[in-house]
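Chain nomenclature is as follows: A, B, C and D, assigned in order of appearance, with residue numbering initiated at 1 for each chain independently.
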């Protein structure tokens, strides 16, 4: 039998080279905000993959890569350790396909963090508001009240009970499940329409996150993609407006 | 791995300070009648939280509270022990997201009751009838025939096979699953439209329940909320009527 | 934790008073044909309940009976042992709510049969054809080729690959799962519209079944209900015809 | 309890007569391409059934065969060992009904392959493109980059990231799950409309596959069925065209 969840560390990495005090989670979600932030940081820092997670709770499929070479869908753990500090990054193809799987995977991630000496987890996501926003806010949530001030100072905002429906998936559960292990948890959610991949929202979250972890990361790539997306969105909106005007003309 | 269901008692509460002969269940359901009744009693009696239940069968999300502090969704056990007697209350954010989870959680609740010396469980719910009702009845069900008279004397009504579809979720299963453990079970369901949170129905259930357990609870808060809701419903109905009249005038 | 499936025998019945060479399954299904046949036989023979099956795979609800007394939904095992022979009957409120549960419950039923000395299982169901039928056939299936002749002699018919979609649920799975245990299996499916409970189809299945097991059962009750249903169906069809005529007149 | 997945080898076949270096998977899927190819090869080679797989993850039903004799739905392992070499074939009625089951079944198949000495697995499927194609390509995927050249030489094509959504079910997962066991995996997907069973696409896949495994298989039967299907499709398309012309005439 396949294990429900399996974590395999790269053999080349010694156990003492896996630890870090901070983990940043950027699994797929609304606007792919978390994914964009974490992947951008991995690229800019040159973080290296140290482990893969496979699970029967992921969609039952393989991903096709370069040259038609397949791999199981997975979540991956990256690590950067250098002059800017040590950071773990959790990214991946998918989150769980089932409710129960969400809990079991998130618990596994939190256990990994605990084993690797993590003292604070940042979970990154998008907060879908259903319309395009000029100046998205970075909504925050924490798993201990004393973390709020830090977040506010870095530019994060605590919405009045937002998001009202709670935080769904790993971004929320990792906060809730890490608290009993004594791990601090901060969730940063960039406001986003929810319709498109949103590098602009990601760039704003990156700004808050890097202030919080006390490093600087060049946001050029994200900003560039945000600029391209902005142009595409403007065209989309103009087209819609035009269609509406034509319709009202006919009517 | 996370346990499927975990029960954690507050460390400050000694095992002998957890027991009570009566448990009152008010988990979310139709019209939130059970939730309203149980939470009102907890507040009026000043009952204290003694345990939390977490489970992979709850929705995979966290709840955002004051100051953006998150917590896992859970069910909670409260206890009051004072001059009015000793009571346990089971309340919470959600019921199970899966059929199997409903059974496993309800069995856990009944096991807890058994361990804590409970001899009678009251489960509180709403009975959705699909229209607004001026004088809702309190429909009852029991897990032993000899309990019927008690309930009738307190103002509960046994419908002729109502609800026809049985009682779904914890309110029903806890009655069925407690019988083999020798625990008496009484379910009180306030009639309600099923469209809105219904404090009026909750106040009527409270009246029957307090007679049954032989204590008095000030219903002012519930009645006040019921009054406010009544005004809102009246406005809603008038608006609908008006719209219909306008339509028939046009037609 | 509640067991996924639990079988509890009535304490009053000694193990040697549970056995029988034949088991007849009549769980709910299309047209409730199986349920009607099995319950009619239980009533006419005066069979007695010897065991109850509970499971997390049943719907998460309780059934409300006389005087508002609830019970968990269950499946039940009845037994008749008298001058007409010994028979076990498997009836119940529901089948499984999940695919996996269908397999696990059916395997449990077949294991019970094996333990109780059953050498042949009859599973009874309806075969939904989507329109009302004047003379429904009794379509059969078997788990060993040598059983076919018996069935044909008793009036059962082997459709040409019917039902094309296979036999779903306990009626099918019990045949498939009993073969490896050396238990013979015969499935009898009364043709039925699939729209209504169908005592007429049940009466025809009863006729074939009683020939097969070599006993006679008074079908009056079933026939009476069939007659009543026939009248209701005729009225329904006439009403429909009338509506159509009126429509074509208007058109 | 029934095991979640059970593999039963035919008693008549000695363990040393079960092995082969190559396994070909042709479970049901898009256009039934895999099923057509594998079943054709089994028939032409006269391969023999050596094992059956049953599982609670298959649909909860039995299949009705000749003379109304039922059997559980299953997957089956066939083996050919002769002058053309030794091959295992995995075919069956269904794939898993649940996401988790897809993983657990595919892992089981890969474990079987490992135990039986398989060094390369070919998984065969269809690649649905949503329209009828005159000259379908055979899109390939591999689980090791060094296999690509072999496939290209045999006529397989590596799409530019096709299929974009990955490969779903056993055809994909067996490639992903066999890699860690050191088993080479090649997936061949015949382009097909996705609307109909497609023997033409299957014949083209067969051509590539037989080149890869270095044997020749008479494709006449497949080609004949492809010819018949071609005629049916042409009629379908002409009818559609005619209907459209009539409509535009009327309009």
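The rule we apply is simple: contacts are C-beta pairs under 8 Å (C-beta built on N, C-alpha and C of every residue); 3 or more make two chains touch, one makes a residue touch a chain.
Just so you know, these numbers come straight off a predicted model, no measurement behind them.
With angles rounded to a multiple of 5, the C-alpha fit of chain C against chain D returns 90 degrees of rotation. At the interface between chain A and chain D, under half of the residue numbers appear on both sides, which makes the contact a different-residue one. Compared with chain A, the chain whose C-alpha mean position is the greatest distance off is C. The geometric centre of chain B is 38 Å away from that of chain C, both derived from CA atoms.
Taking the mean of the C-alpha atoms as each chain's centre, chain A and chain C sit 53 Å apart.
Multi-chain contact residues of chain B (touching two or more other chains): 4. Chain pairs that touch one another: A-B, A-D, B-C, C-D. Of all the residues in chain C, the ones that touch chain D in their complex are 4-5, 96, 99-100, 102-104, 106-108, 140-145, 148, 151, 158-159, 161-169, 172-173, 175-177, 179, 185, 187. If you check the complex, the residues on chain D that touch chain C are 1-2, 4, 56-57, 59-64, 67-73, 97-98.
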